[in-house]
Amino acid sequence: MFCERPTRFFLTAGAGDASNALNAFDAALLDAGVGDTNLVKLSSILPPGVTETKAFPLPKGSFVPLAYAECVSDQPGQRISAAVAVGIPVDENEAGLIMECSGLGDPDIWEQQARYMVIEGMEGVRKRPIKEIKSIAATVVVKSVGAVFAGVILCP
Amino acid sequence: MFCERPTRFFLTAGAGDASNALNAFDAALLDAGVGDTNLVKLSSILPPGVTETKAFPLPKGSFVPLAYAECVSDQPGQRISAAVAVGIPVDENEAGLIMECSGLGDPDIWEQQARYMVIEGMEGVRKRPIKEIKSIAATVVVKSVGAVFAGVILCP
Amino acid sequence: MFCERPTRFFLTAGAGDASNALNAFDAALLDAGVGDTNLVKLSSILPPGVTETKAFPLPKGSFVPLAYAECVSDQPGQRISAAVAVGIPVDENEAGLIMECSGLGDPDIWEQQARYMVIEGMEGVRKRPIKEIKSIAATVVVKSVGAVFAGVILCP
């Protein structure tokens, strides 16, 4: 549940299409494996000492803290993408930084942008050396109303 | 408090009018009976096994997880409405789905739309049979700045 | 952590500038002393009985419930400001109200507006006498992409 201190994280992403924006976003969450949970949006910090895990099914309806990017479009034929990146610091007692971005076009563009934003925030602003950057992106070509989602999930 | 696993839910809705958007939204929350709590927005899943309760006063200032729709307008004379619907699955071990929508016009339009969105997400996307759909809507004709709110509240 | 009942609060504000909106907002949070935490946005009520404390460093990565105002601009030379105000009721068993606003121009304008919004919500709508209003604002003249943040932090 939400009140437990997170000890692990995983990255996940997905895409969906539906008759309207909210159903499309819901379909993208299902595609990403977090569709039957209650996402609670955070301002995007990786707590010190949390370790990466493989994506796994979270309890249905549970409160899931995360940072995420999303994009929705109702223009058939349009490609949309969303990406997140997380910077893991060299110093294990320090916080990492999660960055999110999304928009029109290829996923590589946005994934690179998210990684750049992590570098700017960690090494540029915080002067905090990065051990590793992990990132993920989702993309879709809109059929009716399309949505993409990419997130960093914190879990116990 | 927020960390307790929810066991119950209720639907509520309200409307307000004020000199600005935030005060109008605050007045709508008070009208709905949740105005002195700290709402925490969720991505809209009804956890398995939670049961409906009548609306009741939540502790002042407590953290209240919910899914909600809202609409604000500064056009006097305009009618605005907000609606939520929740689909309760036949299978009690499965999650239910909450959908939200809002905009100009009569509340019936938006309440029907929210119910349709639940059907699309539950039966269309998830192939999960619905036992029952519950819904609620709020509406107001704007005087100065108007706001409407409709939500599904999760509570211990 | 987030599940503990808040017993204290503090006001803080900050400004930042970066190559994009999210990095600028992140820099503003760091300037305000909450940049390495996970902010969880609330609908803006001060629980009864919480007392003001000086700003202090929150655990890195912890979930921090708060109400906040923000503003971002990519127009170099533009002045942007954000403000929050909190109304503390005479009756210690009652909830207080937090109001947020932001936009172009001097911080005094927005801080006065936030204080006015508290009076409207507390004395106008709730008929709840105010003991004291506390407020804070941040301001910046945009260099590349600027962001300002002002928040009321709830803490154990």
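Each chain carries a letter (A, B and C) given by its place in the written order, and its residues are counted from 1.
In this section, a residue touches a chain if its C-beta (ideal position, glycine included) is under 8 Å from a C-beta of that chain, and two chains touch if they have at least 3 such contacts.
These numbers come from a predicted model, not from an experiment.
Participant: Which is it for copies chain A and chain C: same residues on both faces, with over half shared, or different residues?
Facilitator: Mostly different residues form this interface, as fewer than half of the numbers used are common to both chains.
Participant: Working from the CA atoms, figure out how many degrees chain A turns to land on chain B, in steps of 5.
Facilitator: To map chain A onto chain B, rotate by about 120 degrees.
Participant: For chain A versus chain C, what separation do you get between their C-alpha means, in angstrom?
Facilitator: A distance of 26 Å separates the two centres.
Participant: For chain B, what residues touch not just one other chain but two or more?
Facilitator: 2-3, 40-41 - these are the residues of chain B that touch more than one other chain.
Participant: Considering the complex alone, what residue numbers of chain C touch chain A?
Facilitator: By the definition above, chain C touches chain A via 1-3, 16, 18-20, 22-23, 26-27, 29-30, 36-41, 60-63.
Participant: Where on chain B is chain A touching in the complex?
Facilitator: 2-3, 5-6, 40-48, 50, 65, 94-95, 97, 99-101, 117, 120-121, 124-126, 154
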